[in-house]
Structure formats: C-alpha cells, structure tokens
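Quick heads-up: structures coming right below.
Consider the two complexes below, in which chain A is the common component and chain B and chain C are the respective partners.
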Partner chain A sequence: MCPKFKQSIINISIMIVYWWTLSGCEIRPKEPPVKPNVAAGQDLKASLSSMNEVQRRRSQQLKNSLAKILVVDKQGMCLELGKHPCIDQVHRVFLGSMDAYNASQYQNPSSASIGSVGALERVVLSACIMRAGMDLLNPSQGVIFKNIKTSIDGRLVEDPAIDESIKTLYRRAFTREPTSSEITHLRNMYEEIYKTEPIAAGRNWMVLSCFSVLTSLEMAFF
Partner chain B sequence: MGKNKKRDGLYINDRRDFLTRAGQLLMGSAAYGVTPQFLAGCTNKGSPVSSSAVPADGPLYLKEGKKRKYLFVFSAMGGASINDSFLAMRESESKNYQKLNCFPDRLVTQGEGTDFRAVDLKMETVGPLPFDIETTQSKFLAKYGKEIMVTTLTGNTVAHPVGQARCVNGFEAWNGRTLQEAVAAYYGSDLLIPNVNMATLGFAENGKDPSLPRYALAEQVANAAIFPFGLDGSLGIQGAPKKSLIDIARRVRDDKLDQESPFFKTFGQNPQIREWIERRKKLPEYERLNLINKLNPFANSTRFPFTSFGLEPNTRGDLFRELFKNIGPPGPETDDLQNQALLAYLLVASGLTCSVTFGLGMNVAVDITEPSKKRLWNTPTGFDYSHNAHRGTQALLWQRTLDTIDRLITLLRSTQTAPGETLWDHSLIYIATEFGRDKTKEPNVTEFTSGHNINNGVVMISPLVNGGKVMGGIDPETLLTYGFDPESGVPDPTRTMTDKHIYAGILQALGVETPGANLPLMKSMLKRS
Partner chain C sequence: MRLKSIQLKQIIIGLFVVILLATGTEGLGRPFGPELFCRAYPDSPSCKGTQLSCAYCHQVVPPELNPFGASIKSEYTQANEVFDNNEQVFRDVTRNLLSQDSDSDGFSNQLEIEQGTLPGFKASVPQSNRCQSNATSGENEYYKLCQYDSDYAYKKIWNVVCGEPPSWDEFTSFKKLAPDSKLVALKQQLEKCLETEHWIGKDGVVWEIGHYKIRPVGSVKSGEDESVIGLVDYYDDYNIFVYSQIAGHDARDVLLADYGVKREKQSDRTIYTRLTPVRLDDGIVMQPEYRAGLLTSFWTLGFYLNYTAVARVLVAQAFNGFLGISLATLQGLGTVDPAESHFEDYDDKGVTKPQCAECHRTIDPMTYPFRNYNGLTGSTQVLAGKNAEGLKDIKRLGDQSNLTPLSYSKTRMEYLASKYPKIEQMPEEGYVLGQKVANLREWASVVANSDQFAAQTVKDYWKVLMGHEPLAYEQEEFERAWKNLKTVHQYNINGMLAELIMTEAFGVP
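Up next, the complex of A and B:
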C-alpha cells in the first residue's frame, strides 16, 4: 500500500473519532449552582438516602471539629479530673479511635461501645461549659452566644441575640441554618430549664443548647 | 443483715472482718521476686467464707430458678505452653530430656492428690531482658489443685488471631457463637451488661452467629481503669448543670432535634445510627446505678483527685487494694492486668455481667514502683516472647497469670450468693490460649527459643469441672499431648482433642443448653457428683 494513501486513511480515521466523540457532547448554557432553600427558619426537605452510608466522627475529628466550632483549646476543652485529656487519653477508644500503645488496640473499633455515648457527652459538655463561660464573660465578643443578655438572677432576657445564637451554633456546627422548628425547640428548652431550676437558667440554657446540638446524631456522624 | 452496712450495693461486715477472712486464705501477700507474690505463702485451707461474708449484689437467679453461672475467660496471649506448667516433665522421666523442654527434677513438684505438676524456679533474666523471675506454681497448685482441670488439645492453626478466635468459638462449633456469647445469651438476658470483653485481637472478636440475641454481644472495654468515666455523661465535670437539666437537654435532642433534622430524615435507618440511639437509652440506666463510682476502686490521689470533682470511688476500694496491690489509674505503678481482674469481679458481683474476658496484652509493662528493684510485668507480645526466651517468658507469664487468677478467686470465694454458697461455686475460669510452643530445645541449655506448636493443653479452674484431673495424657518421649474418651475420660494415645471438645465441655460444665449445636457430650469434663 502507498505510504501516502496509508497516512490519509489514518488521518481520516482520527477525524472520524474526533467527530464522533464531540457529537456526543451537548453544549448547554452553564447552570447556576443550586442554592439550597436554607434561609433561617425555613424547613429543609429531606428524604431517606438510598446509599445510607454514614461515618462516625472519631476522636481526632471530634477534637478538631469542636475546637473549630466553639473556638476552644484542643487539649484543654475537656480534662477529666482537671488533668487528663479526655479525647487523646481517657476516652480515645470509646470515641472510635485505636490505642495501640496503652491498650493493645490496633484497629479503630468497628462500632460504638458501652462508653461511647457517655464519652461524647462528657467531651461536648466540658467544651460547651467552657464556651458558655467565655461568652458570658464577654458577651460582645461571644463566639456562639454573642450579646446574650441575662438578668441579675441569671434569666435570659428576650432579645434577637437568642435566635442569632442558635443560628450561629448551627452555622458553625453543620454549615447550615437551623430550621424553624429547631429554633423553637431550643427556645422552648429554656422554658423547661427555667421551670426546673430558675437560678442561672440563662447560663444553663447556653450550656445545654450547645450540648444538645453538638451531641446530636448530626454531630456524632457525618 | 444485723450489723452489716450497705455500701455500694454490697454488704460487708467491716474492714477488719473482711481482711481477717481474706487473710486466712492469703496468708500474707508480701511482694518479692518479679511479680506481685500473692501466691507466696498461700495455703490450701479452702474458702474462708462463712455465711456472714460478702453477699453479692444483683439478680443471681434466673426466673426459672436456675442458678446463674459465670464464665471468666483469661486470654493467655501468645501461646501459653502447658509443658511449662501443669504438664511439666522431669528430666528423669524422658530418655530424650536433653532435646526436649524438660525441667531438672528438683524444679518440678507433683500436686498432692492431683495429676498436675508445678514448676518453681528462679531466673535472673528473661532472655535479654534483665529482670529477676521467681515462680511459685506449687502454691497455686496446693491451693486450687482439686478445682483445676487440664484438657489436652491439638489445635489447627499457628496464626495468633485465628487461634485466639478459635479457642473461644470452638472453631465455629456452634454457628460461630463464642463461649462468652453463649453464656451471656443463656444466663444474661436480664443483666445490664451481660458480656464484657477487655482482651484484644482474636480474643476480642465477636462471634458470627446471626441468631445471637443482641444483648449477648460483648461490650469491648479497652482500658479497665478509666472505663467507668464513660458510664456517666456529666458526673465529675465541674460546672455541669444538674442531672435533671441534662435530662431535659437529652429529651429535646433525642425526641425533637434529631427526629426532625434533615440528617436523621436522610440517614436515620443506618444501622450505626440505630445502634447509637439504642446505646443512648442505656446511659441513664448506668447513671442511675452510679456505675462511674461503683466500678471505680481507686484511691483519691493528687493525680486522680476524684473527690474534688464530686466523685466518690467505691467505698470498699481499700479492701480491694489490699488484695490487688497494683491496681490504680493509668500510670507507671499500675498493673493493668490487676485492674482488669478486679473490674471483672466488680461487674459480676454487682449483678451486671455473667461473662468477662480479660488477660495479657501485647505491650511490655514494667513495675517501677521501686526504682532499685524494677519488675517485669509483661513481656513484649506476651507469651509469644518465647520466640526470644522460652523458659523465662513462660515462667514469668504463667506466674503472673496464676497470681492474678488467685486474687480473683479469693474475691469470688468471699462473695456470698446464698447461705453457704459463694460466687465461686458458680464460676468457671478458662485460661484460653491460641496454641502451644515447640517441645524441643538444644541440649545443655537453660534458656532457648521456641516456635508455635498446635499441640498443647488448656486449663480450667472451677468447682464445676472434673477437678484434679488431666483429661488425656502426655508422651514423655515427645512431650506431645494426646486425647481421651469424652464419655469415660480414659486417656487414649491414638486420639487428639479439638477446640470443639473444649468448647462443648465448658458450656456443659456451665449448664448452658445448646439446642441444635450437635456438640459432643463431654461428660468426663464435668464435676463428678
């Protein structure tokens, strides 16, 4: 076969492949990114996932997440008996991580165990106590509970800062706005707290709203 | 109970009474040598317990009236050789003694009225590790010989985790259900934490039986000392709101925030999330029982100032510390094996648990309480350090194993379940190990190395087994063990016993029904009435 003819055949073949490939690509105008309907107070639509796969937030992820959300010290956010780091030492395995050197555990546990829920609650509660304390001391610089006002006997003073705190908490924790019902539930929780223990109800609400959101399933898993 | 005071759910006369009784059994527990020498000076006086001793807490009987039984699995990590303990061979008994793992005659004693041997020796090193060893196996044998049973076994693997799993599931003898799961399923339906596992690797593996009730699955506990902290969500945290307020927050979270969250609506059926929700429901129950304090036997200290944080460790802690000298929060003076053994007792005596697994870990542990006399508690890799130094490793870890078990039995014997009965009367301790070690050595050496050998024997200690007996036998010219007739117990050099036989014998000794399992009837392993 003539070399020129052979080269022509090859070139035509390449062009055909190009044409065939490009013809499959439909040029569409670029769609704007979908904006989720996440305005604060509006309820999100959700349906059961067909994949249904979640991961547990293990100890190091939990430590990093809490430190970022609450702007608290990674080591100091929870110390058992004021001395022993909760996440890296005391509750490490319960929080889903391995501990080869201290406990001969060479793999992350495949599932939660008897102390996992308690360990998460202790860590989050300690961190929330720390955050609420700092925000109460300096409300104008508050990270979560900014400009929250409390009465002289420790009650919350009705103020837009309450809703804004809840929104800030959800934004920082889950990068989403709280739904209207989530805001309502946390507001109603204050009423219950006050009825049970009026003294320092505002401070307790701050700690426990933080606690209830950051020990929720949405925080424990991702 | 007359003058008895209730403390942490258990009754006790007083400290002096307890110690007097325990002391009768212990006969001194001064430490010397390489391990806490609880065995030193102990005598064969039997249980010191009278009807006024320490009654156990919790539900001790099933609804049908059948008495609950308790299984303790001690994980002898790395290959505990039966030739270095109860089936030790004297040099004078074997023509091949120079090539075999035989002991000088003077080191081996015969247990009175039993088939067993004991090795009492002293060594100055464990291979390259410069630690003294002194073993007193004969003390243990004198004390418990009539309740020890050794069953010969020829396993089927020399892979550690595989062998470990098989020695507790009988090589999947019953749908892959482990011994611990079988006991928990049978005796633990009304217990809060029926099955607790503090071991690692293959000993900590769950079984594979899909028909096992969920409550019988093992709760894994990585660190016995700090485990109780995870059993309460807020106690001991400074500045924590009251429990009643915490409960409000939990209710809002569980019933409202979670239920309505887009995350839950999307992933709420995920098995991990369902399990988490179930575990949440149990936490208030642990709190109600005050387990964070009840399971904490440690002393208040500068490093662990429990009382400054509103915690109140078990008020009988000082009594336990008399028996377990080296318990404590994590630290250089703490022997975690003792922590595990004591937690095993507390779980059972508190009526929480009927199956507990604990034992040796893989990590080296050195007691530095006395800097001038450091003691080796655990070799790196446990019994498997026999690859480097067989005799020293086996001596050290058999001593440690028996010493820890001795302390546990002492507590079980001191805990009353009914007039004239103690927890020990209903308990079985199984020293589980994945395989044995090579039988051979170089001539004229006192230390040598060994590989894995599937031929071995395993130890059970219990009033429920055919005590004082070796089931099977040992060939003095090879040190290989051989089997026995399951019905009559007659030794049979032509047969070997399997994991399945051991599995069946243990469950039958504990009275666990095994419908559909087709397990061999191991009548010879049961206590003769």
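Up next, the complex of A and C:
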C-alpha cells in the first residue's frame, strides 16, 4: 500500500475516533423527530374540579417561588438595565400586584393585563438562564440539572441525569412527579432545539425546559 | 426638644403644598331606604356585617332607579301607598315582587335577596355551590374533589401565607401524616407562615392590606424611602396597622391605639415593638389621651383633614377603609333626627339645602367628634409666631388651649370662627352608625366594635386566602368567621385565620 494512502487512512480513522469521542453519545435528532403521542396532561389522571377556584401567583409569590424552586437570588433574578428589579418595580402591576405608592393603586388588579404574559415569561426566562448557567458551571452541585453532561460544543449527552433533572424540576416546582408524557415532551423539545441550533443545544434545552415548566398554567396559578 | 419643634415646623411647612381633597355629594335619594329594606329582610346577606348599598334599588348614580327599584316604585303606586319609613307597608308592598325576576337574569328577586346579590342588576347573580349542583366529585392522585383536602390546604397555606410552595420533602412528609395529624400540622404550618417576612414584613401581605386604609402617596413620602418632596412619613400608620394584626394583638387597635409602633429589622426579620405613649418621643404629635389609632395619625390629620373645618373627607376615608362603606356612593346613610344631632350648616357649605341634607344630615353628625382635632389649620399663624408661644416650650406644645397642628385643640373653633361664624356652635358630640357618641374616642370605639368592622376585617383576609370576596354560598362560613372574630378570637387575627383555613371555602378543591 502506498505510504501516503496509508497515512491518509490512519488520519481519517483518527479523525473519526476523535469526532466520536468528542460527540460522545449525544442525543441526535431522529428522522423524523419523535412526536409525543399523548396530549399534555393526558396521562395526568386528575378529575376536573367543579369549584374551579384558582388564584393567580402574584408578583411577590412569583418572586419567592422562583427563588425557592431555582435557588436564585430574589433581587438579582431579573434586573431591568441591570439595575431595576423586574418584579418589584418594572413589572409589578403586570404581575398582578398593586403599586400603591407610585400609582395610587390600593387593590391588586382583578384580572391579567396585556403585558402580564410577557412579564411572566421575561422574569422566568431570566431566572432560568441564571439557574442553567450555574448548573452548567458546577454540574455535580446542580440544583435542577444535576450531573447533566454536554459535549464540547454544548450538545446534550444521553444520560439518566436528564430524566432525573426533569423529575427534580417538577418536584421542586409542583411538588409532584412528572408524568411520562411530560418527560417525553421535554425530551422531544431537545430535538427541536438541536435542529434549530446544534451549538449549545444542551444549555438551551436546560433553559427552555425550566422556562416551559415554570410558565405553565400550573405555575402561574395555584 | 428644640430640635423636635424645628422638625415639626419643617413638616408643617412641607405639608402646605399637600393639596386639599374636597368632596361633596348631592343626592335626591331617600337614605332611609337601606335601613327600611334591612328591617324588612334582616336575614339577607346584604344586611349582615355591612350596610346596604344604594345600588340595590338605584342605578350607579341615584336617583335613577334600576329595574328592582322601579318595580318597588310601581308596586307602591299600584297600592296607592306613600314610600316612607314604614316597614310593614314596605314588606306588604314588596311581597308581590319576591317571585318576580326584575332584572331578567333568570333568578327570582327572593333568591337574590336571600343570596345577597343585586336583584336590579343582571350581571349580579346568585352562585350555587358547584360541588352540590355539579355531580363531579371524587378523588385522584392529586386532589380530593368537593371535600376538604388537607394536602391541597397545606400547599395553599404555603403559597398564600408563606408566599412560596412547599419543598418536595416538606410536602411528602406532610402527606405521610394521618388525617388527624394533618389537621394539627396545618395549623402549625400556618403559625410558621404567619411569622414570615412575606406575611408581616414591610410590603408584606398584611402591610398591603393596609394600603387602601391608609392610601399612601409616594410623591410626598419623607423618612424611609423618601421621595423628592419629602413631607410626611405614613409608614408610622403601617407600623400601627401591622402591629394590630399580628401576634395575637387586638385588631381594633387600628382605631383605638394610643401608642405608636417601632419597626426594625433584626437579622432579616421584621420586629414591631409597641412604644410607651409619650408625645413626640413615640413619633406621634397628638396628645396620648386624645389618640384614636390611625384616625388621629399625622398622615390622616395632615392629609385627610388638612385645612378643612369639618372632617367629611376624613370620615369618608375611615368608613371606606375600616368598614367597607362608601359614603361617596351613598352607602352607610341612616336617619338621625336633626334636632337631636344639632345638624346645621356650620361651615357655610350649603349642606342644609334639601337636596344636600338628605345625605349630610347623616354624614355631618359623624364629623362633629373631630371638632377639636386639628389638621393643619392655623399652621401659617403658628409659623408667623401668632398663637405660637407654646411652641417655644415643649411643655406647652400642643396644649389644648394652643392651636397646634395635628393636635387636639379647643381653640380651633375660635380660630375658624373668623371665617365661619357659626362654627363655634358645632358640638363635639355626634352620631356614628346610629349611636350617639360624646367624643372621638367613643366614636372610634363604636366603629371598632361594630359588626361592619369585624366583617370588613375578615373580608380583607378572606380575599387574601380565598382569592375572592365571600361568594353567596360561602356566606355562612363568612358570617361565622366575623362573628367569631368578635367573640371566640377576641379580635385576634391569627386565631381567625386558623379558623379560615379549616373552612370549605379554603380547603375544598
């Protein structure tokens, strides 16, 4: 065999091994992506309540809840222009609380306003980015995404820690276990994220898993 | 002492720019109507722990009648009767209306009267207990539907009172308890949550309940969280309010306290300490023997009494904040004989004109006990050195014979007489909630011991815990709660809350 050709084969083999090593057993999009075959909550075996009485999680409750669930700083979890607290000041009324001192609102708003959803999403997204960032920095001490493994370019590596993280997220948020469909939903979401942008897909999945769960109706109301 | 006088002067100067709030209502209504209705139908929830609103028979602005009011008028016309204060005639005439549905909302007037909804407004309809009217019930992995669910109540206590959800470990530990132990644990958890900053801290739940009672204005805030125009510190009012609501204290003290309260943070925990009533040293200008809780606070007298001679705005605010009665919408009006109440037009506002007197013959006698309580009246003269000799001597500061702002002053009427010649004839005794009172402290006592005060106090917390005002089918539990607040709990809010968390309204998902 020609030495040059032999060297090329060796080089290609090394590259394949190197690529395989780097990529680990990362989750790759299947073709086509697996779609969940159950509607959200379908396997949540709960009867409908006749009372139908839920309360909105207002700004202070939201702040305290996010701080407890995600173990993030109450004051720093979302800052407008890096300075003004989103919950206490900027979006206080959108998040369901009154602004007595500055706007002479002496009762909580009775209904959500047009900016409520955006405000909720902003605050939760900010808090989730903080949590995901901290868990990525120190996976063994992760609060939600404990021991999550990612490849060198940020892809999620298949590991039991993924399901465990989903379970932890639901336990901390709703004091219940996730249903099988909820786990499937979040797992499938990774594939969508990966298809959109493979780089740092693992980190984005962590942020968006947290975001999707903590902006659900189950979180917005209790 | 000299420093305090200077500070007082500075505060008074600042308050000169606070704009006078003035109100006036003109009504052609017949204020005996609400009393008449409640004598005829005393069991209606609309008559228990509150005062019937004019909206029961009128459109939002009387005298225009709503369909129910129009029906009553029609029945009186057909019966050839005069609409006066005759309870028996009213009952006879309205009997025919009970089976009718005046507002065409699908519910009879009788049902609406019994349920406490408005029989003249289509949007106000009785609500039945959906657990009784709907067969859906049962138990699943998460909830016990249509029955008291301790697990649900546990999480709700956490979310509402602690302001955060329980942890997984906390909840699973609770779930493992036996049913009886769970009920004990619920109360224990409530006690813990009642100590959290979310509940008792500055801007906490209790503090925020005080907002509509105090109605702060951030632009004039002085002291802590001072604004650009720092004039007055209403946080003193919040301190008294929160203190009266926590740790087994007497909720009536919000209107009866002769003391101030100090708030401080000790290692992330807010501590409220009752101060010995010593004038100025406890942060209050009013003489201790004339104090009546928030009614005589710096903020209330400075902002709501201000420079006015007759305390109509202050009384309207107090009724709104502590009784849930809006005088502005003609609630809370009764009939006091003008001859007994000495109702006159003391400040030349025209209140004895027939169209005004209908309401003001009730409103004005409620203000008379504030006769000698000074807001800012005379402060210009005080600052100019007139009537101000006492200010140079702390022992005479606010002497009753000296016109001192924010104090009890017997010379106040003399001073105002130059502008309102008849004002000196205004008596100090007055009427509130139909009772004769000799002075403001008696006034405050009548209000603080009233059913309306107890009901409004419970309603404040009901809204926090349940997320809504008491519904028609919750009236029984609501009524029991405010009656027990007066008796069983002796105005201890924490005791009342322990009762509320055991109600169906709270614990049935």
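In this section, the second predicted complex is superposed on the first by the 178 of 222 C-alpha atoms of A that agree within 3 Å, B and C clash if a C-alpha of one lies under 4 Å from a C-alpha of the other, contacts with A are read in each partner's own complex, and residues count from 1 in each chain.
Criterion: a contact is a pair of C-beta atoms (placed from the backbone, for glycine too) under 8 Å apart; a residue touches a chain by one contact, two chains touch by 3 or more.
These numbers were taken from a predicted model, which means no experiment stands behind them.
Asker: Touch test for A:I152: chain B only (first), chain C only (second), both, or neither?
Answerer: In the superposition, A:I152 contacts neither chain B nor chain C.
Asker: Touch test for A:S49: chain B only (first), chain C only (second), both, or neither?
Answerer: both
Asker: Pick one for A:G118: touches chain B only (first), chain C only (second), both, or neither.
Answerer: Once the two structures are laid over each other on A, A:G118 reaches chain B alone.
Asker: State whether chain B or chain C is in contact with more residues of chain A in the superposed arrangement.
Answerer: B
Asker: If you stack the two complexes on chain A, which partner ends up touching A:N102: first (chain B), second (chain C), both, or neither?
Answerer: After superposition on chain A, A:N102 lies in contact with both partners, chain B and chain C.
Asker: Where does A:E80 make contact in the superposed view: on chain B (first), on chain C (second), on both, or on neither?
Answerer: So A:E80 only meets chain B here.
Asker: Does the superposition put A:S212 against chain B (first), chain C (second), both, or neither?
Answerer: first
Asker: Touch test for A:V90: chain B only (first), chain C only (second), both, or neither?
Answerer: It touches chain B, and chain C stays clear.
Asker: Could you look at A:L137 and tell me whether it touches chain B, chain C, both or neither (first, second, both, neither)?
Answerer: neither
Asker: What is the shared patch of chain A, the residues that chain B and chain C both contact?
Answerer: 44-49, 52-54, 56, 101-102, 104, 106, 174, 176
Asker: Which of the residues in chain A come into contact with chain B in the complex?
Answerer: 44-49, 52-54, 56, 80-84, 89-94, 99, 101-106, 109, 111-119, 121-122, 125-126, 129, 133, 174, 176, 179, 181-182, 185-186, 188-189, 192-193, 196-197, 204, 207-209, 211-213, 215-218, 220-221
Asker: Sort out for me which residues of chain C touch chain A in the complex.
Answerer: Contact set of chain C toward chain A: 130-131, 133-134, 136-138, 140-143, 145-146, 155-156, 159-160, 162-168, 171-172, 198, 203-204, 208, 211-212, 215-218, 221, 225, 466-468, 508-509.
Asker: Would you pull the chain B residues touching chain A in the complex into a rising list?
Answerer: That would be residues 193, 196, 200-201, 219-223, 226-227, 229-234, 236-242, 244-246, 248-250, 252-253, 256-258, 260-270, 272-273, 275-277, 279-280, 282-283, 286, 303-306, 308-309, 311, 330, 361-363 of chain B.
Asker: Write out the stretch or stretches of chain A touching chain C in their complex.
Answerer: 44-57, 60-61, 64-65, 67-69, 97-98, 100-102, 104, 106-107, 171-176, 222
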